[in-house]
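Please go over the structures that come below.
Across the two complexes that follow, chain A remains constant while its partner is chain B and subsequently chain C.
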Partner chain A sequence: MDLIHNLKEVFEIDAKIKNDFQIEVEAKKELVSSILLYLKNQHGFIHLDHMSCVDWIEDEVFELVYIVWNPNTKKTVLLHTKIDRNKPEMENIDTIWDQANTYEREFREMYGIEFPGLVAEREFILEGWTEMPPMRRDFDTKKYAEETYATRPGRENAEDVREKIIKRTGEEIPDFAKKYSRD
Partner chain B sequence: MSILNLKGILTPLTALKQMGKEPHTINFPDEQKNISKIYRGFHHNDLDLCIGCGNCETICMNDAIDMISLAEIAGEPGDSGLRPRIDYGRCCYCALCVDVCPSGSLNMTSEFMKVTPDPYDFLMTPGKDNPEAVDKLSFTADMDTSLNLFDRVPMRELDPEERVKSFAEVFLGYNEEEARIEANRCISCGLCTENCPVHMHIPEYINAIANADDEAAIKIIYDNNDLPEMCGKVCTRRCEDVCALQVRGEAVAIRWLKGYATTRAENAEMIAEIVKPEVREPNQYKVGIIGAGPAGLTAGYYLALKGYDITIYEAQKDPGGMIMYGIPKYRLPYDSIQKQVDYMKKMGVKIHFNTKVGKDISFNEIYDNSDAVFMGIGLQDAWSLGIQDEDAEGVWSAVEFLGKANAGETPDIGKRVVVVGGGDVSIDCSRVSKRFGADVFQSYRRRIQDMPADPEEIEGAEQEHIHIMPQTIPTRVIKDEKGHVKGMEYLKAEMVSEGGGRPRPVAIEGSETIIECDAIIAAIGQKANYELLPKEIADKLEMVKDKIKVNEDRLTSIPKLFAGGDAVKFGNSDAISAIADGYAATKAIDKMLMGK
Partner chain C sequence: MSNKINTIGIPSEEEIKKAQIDFSPRCTAAGRVNDKETQKMVEYILNFARKHSLFVLAYGTGCGAIEIPATMTSRYDAERFGIRGAATPRQADVLLITGYLSTKTLKRVIRVYEQMQDPKYVIAFGSCTINGGMYFDSYNTIKALDRYLPVDVYIAGCMPRPESVIKGFIKLQELIQNGNAGNGECYRDNLDWYRTNQQKIIKNWDFPDEYNW
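== the complex of A and B ==
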């Protein structure tokens, strides 16, 4: 396919065909804006369909995915890139597509990723947020929910599955084992 | 601005192109919106399919799900009896609860509207409060999108052609990487613990393995199982029968994971170093134990930890009872048992080998000199086939045959062997015979799917080219002029279903068939031998059929005499039940003597 060949030629990256409509590409973060511009201007991928972010906490990276679409061929390119989770910074692309501004603003708030040069209010969906960006996997959502929201009356009869079974069997879990019980 | 602003005039007309198109708005409430096929609205739970594992509650990051008792659901092994209730004031409809539901009972529906003045109405028990929603399932817990890992990490094993050449262990055991992956499949619900006779702390030790803390896993495992390495190799693993994942996929390999963890401790010293059990100060009480099988060893080990003076009397020269003499070495190597017993000895358990109670020492001597006695004597005698000429030379009982094989001897079984039976012991006999070079035929009264043996063992036997002859009923041993077996006559059977019970084999008249063979091994069960008991004790000892009657504490009808293991157990007797008996008796004896 021309596109795959051209991407190899111009950017030395290997694109792979995911299915009839999707092509997947992975690139270094420095190349992302160039590739997106190239796709938009040379190959008709004029529409930024979506941007998303995955927190690979174990690998200490955030994965950003840019999804662009060509309305003539109905094909989609998914461009993946990985950035350092400990210094999360990515190039702003709202000069290529205006709507990227909103996505980037959301990433900044939810994952703490900085986009130097991004012109937008810092506060987006969250109000007066002072904690860790909440979409990071090390944010304890459950703890936050428990501490922040009142418990609706009528929930007092909740039971614990493990406790329920223990009541029936008489199992005695030693203290040293309890740290490995389900929360 | 030009007067002839054509664009301004024409642009509104472009709206005309929408005429004749389907409108995007609907006439609510007469019309309903067409919503996505995978819409995430209110939940529906199939209350019969749900096993109450609570995985939905655990995953819910909004703390919106409670597990509650419902009057109509009692709970049983494999079902906690609890069902999820959802606070729709908190639910954000993310559907993670559906994605992690192992049974597939919890789904979401296309229902999304509820109007009520009562805020408590938003606490809903899916399935109970909206049974009609079963027809409106939309976002469902499909296996291909589920976040559960339904496939277990396969166990590597010796090639069938290779393994019949020796008694080398067939299953090679998980390596570290395999164990971590397999352990991570566990959802830690704990349903398994109810089906384990001794109620091991399964979710805890699996979680420890998943967290790369093998030493913690070992310590947790030894808390209520003193022969876990044995269980990690040959346990009947009833825990896996009720694993939440087996509802739709493969159960977590609980047995292999236990095997993985316990074999990390390579010798008795390492076990002691890792387990570091709490040991009470010695007290003045003595407990005599008859039989060093799993029941006796367990009682001995845990009583020794509680400070009792323990002596075990064992008729054989090695410990383990049936696990030493009954289980073939390709399933449970000698060294593995020895290592675990060495550890128990380090903890203060004294064992007198080659000491047959009733012959080398009297029962009364033990009874009179002990503050409590525990009997784990097992089932030493075999049931006979009850057919003509079964006293011919070359007819073996399974106990006798496996006992010889496990003692390192080579039983003279010739070239063609018929094994009779369908349990684990019969499969053991067949596979051991194969390792002695025989062509093996296994006769079983019912169908292969009815065999009580572990399916993995049956599969192993088939791979080793053991010819299983289902629906065959032995009728006669055929012997030669010297009185030695030369064949067996059997009838073919058809399966008859009567009154809803499991189908019964009925012999087909005139279907007599003769199979030539050099030996017949009868593996149709064992019975106890109570010759060790003096008459006055035997007369007073209450029995149920041929088994010793015990109460919940494993106390017999005789004061301070406890019993456990195969000699008290009905149904499928196995090592883990014997361990559970020994463990329960430990607690009862401690309570009786120390009031603890």
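== the complex of A and C ==
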């Protein structure tokens, strides 16, 4: 294909065909903005579908995925890049697509990835958040929830309380529900 | 932040501990004795009128709000019980908490509840408001609503069907007729306890110092 050949020639990266509609590309983080600009201007991938972030805590990297779409050929390019997890920093691409600004704000808040030159309020979805960015995998969300929020103590045993409820209210268990009884 | 904002103050550790130990919700409908025999005649008639005209604030949080259109429209037709929508908090009697409540929304809900006129009732929807439901380990949703707002009726289910919703409303009507519903006064009396709980999870506290209710 033209696109794969061109990417090999211009950027020296290997793109592979995932299926009829998707082409997968992996690149270094320095090349990402140039590749996206190239795809947009030369190959008609004018639409930024999605940006997402994956936390690979074992490899100490964040993987960012940029998904761009060409409305004429109906093809999608998935551009993967990996950045250091200990000092997460990525190039700002909201000069190429305005909507990237919103995604980058979310990454900054939920993963703590810095985008130098990003002009936006620091507070996005969370209000007054002082802890570690909550979408990182080393953030213990259950522990945080137990410490922060009052919880209602649960029942001590797992008995079927429907008998009690029936006695109290005088209702009857319908036939279709009887087969789910624990007894 | 200026000092003016926190007149009630960010709770000290002792206060937080006290709030944790003293676990039971302050305002529950079942706790009051005010049945037909002890009610005054005027109160009895007022309650009868109130129970047949419940104006529900058109506001929904979480996923449960999707059951409200079904409850209100022709199939289940909640208006035959006198339940209908109200546009603003000051015109409404009932506040529905429909499903999970994030801390960010809780702040707005408290503001809405405090603006409502007495008598005011709260109905909490779904298991999320009871014990967190499927969000039991979420960093951003509350687990037990009655720590932060007085609740009259809980409707269990995930989500409750319109039949259960209507049953919850009928239960509320019973409570109103018996004079057991409406916790606005109790909320004001126990404001410190509720404020302590609320300020514990709402970090950027910027409520007005005082309400003239």
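One rule holds for everything that comes next: the second predicted complex is superposed on the first by the 151 of 183 C-alpha atoms of A that agree within 3 Å, B and C clash if a C-alpha of one lies under 4 Å from a C-alpha of the other, contacts with A are read in each partner's own complex, and residues count from 1 in each chain.
Keep this in mind: a contact is a pair of C-beta atoms (placed from the backbone, for glycine too) under 8 Å apart; a residue touches a chain by one contact, two chains touch by 3 or more.
These figures come from a predicted structure and were not determined experimentally.
S.K.: Counting residues of chain A in contact, which comes out ahead: chain B or chain C?
M.R.: Counting contacted residues of chain A, the larger count belongs to B.
S.K.: Which holds for A:Gln22: it touches chain B only (first), chain C only (second), both, or neither?
M.R.: Neither: A:Gln22 stays clear of chain B and chain C.
S.K.: Is A:Glu127 contacted by the first partner chain B, the second partner chain C, both or neither?
M.R.: second
S.K.: Who does A:Asp160 touch here: chain B (first), chain C (second), both, or neither?
M.R.: In the superposition, A:Asp160 touches chain B alone.
S.K.: For A:Ala177, decide between first (touching chain B), second (touching chain C), both and neither.
M.R.: So A:Ala177 only meets chain B here.
S.K.: In the superposed arrangement, does A:Tyr149 touch chain B (first), chain C (second), both or neither?
M.R.: both
S.K.: Tell me which partner A:Asn41 touches in the superposition: chain B (first), chain C (second), both or neither.
M.R.: Neither chain B nor chain C is touched by A:Asn41.
S.K.: Determine, under the contact definition given at the top, whether A:Gln99 touches first (chain B), second (chain C), both, or neither.
M.R.: A:Gln99: touches no partner chain.
S.K.: According to the stated criteria, A:Thr141 is in contact with first (chain B), second (chain C), both, or neither; which is it?
M.R.: A:Thr141 sits against chain B and chain C alike.
S.K.: Show which residues of chain A both chain B and chain C reach, each in its own complex.
M.R.: 141-142, 145, 149, 152-154
S.K.: Looking at the complex, which residues from chain B come into contact with chain A?
M.R.: 52-54, 57-58, 60-63, 66-69, 75, 80-82, 85, 87, 89-90, 119-120, 122-123, 187-191, 193-194, 199, 201, 203-205, 207-208, 211, 213, 216, 219-220, 223
S.K.: What residues of chain A sit close enough to touch chain B in their complex?
M.R.: It is residues 141-142, 145-146, 149, 152-155, 157-162, 164-166, 168-171, 173-174, 176-178, 180-183 of chain A that touch chain B.
S.K.: Which residues of chain A touch chain C once you look at their complex with the stated criterion?
M.R.: Contacts found on chain A: 125-131, 134, 139, 141-142, 144-145, 148-154.
S.K.: Considering the complex alone, what residue numbers of chain C touch chain A?
M.R.: 19-20, 23, 103-104, 107, 130-132, 136-140, 142-144, 147, 197, 200-204
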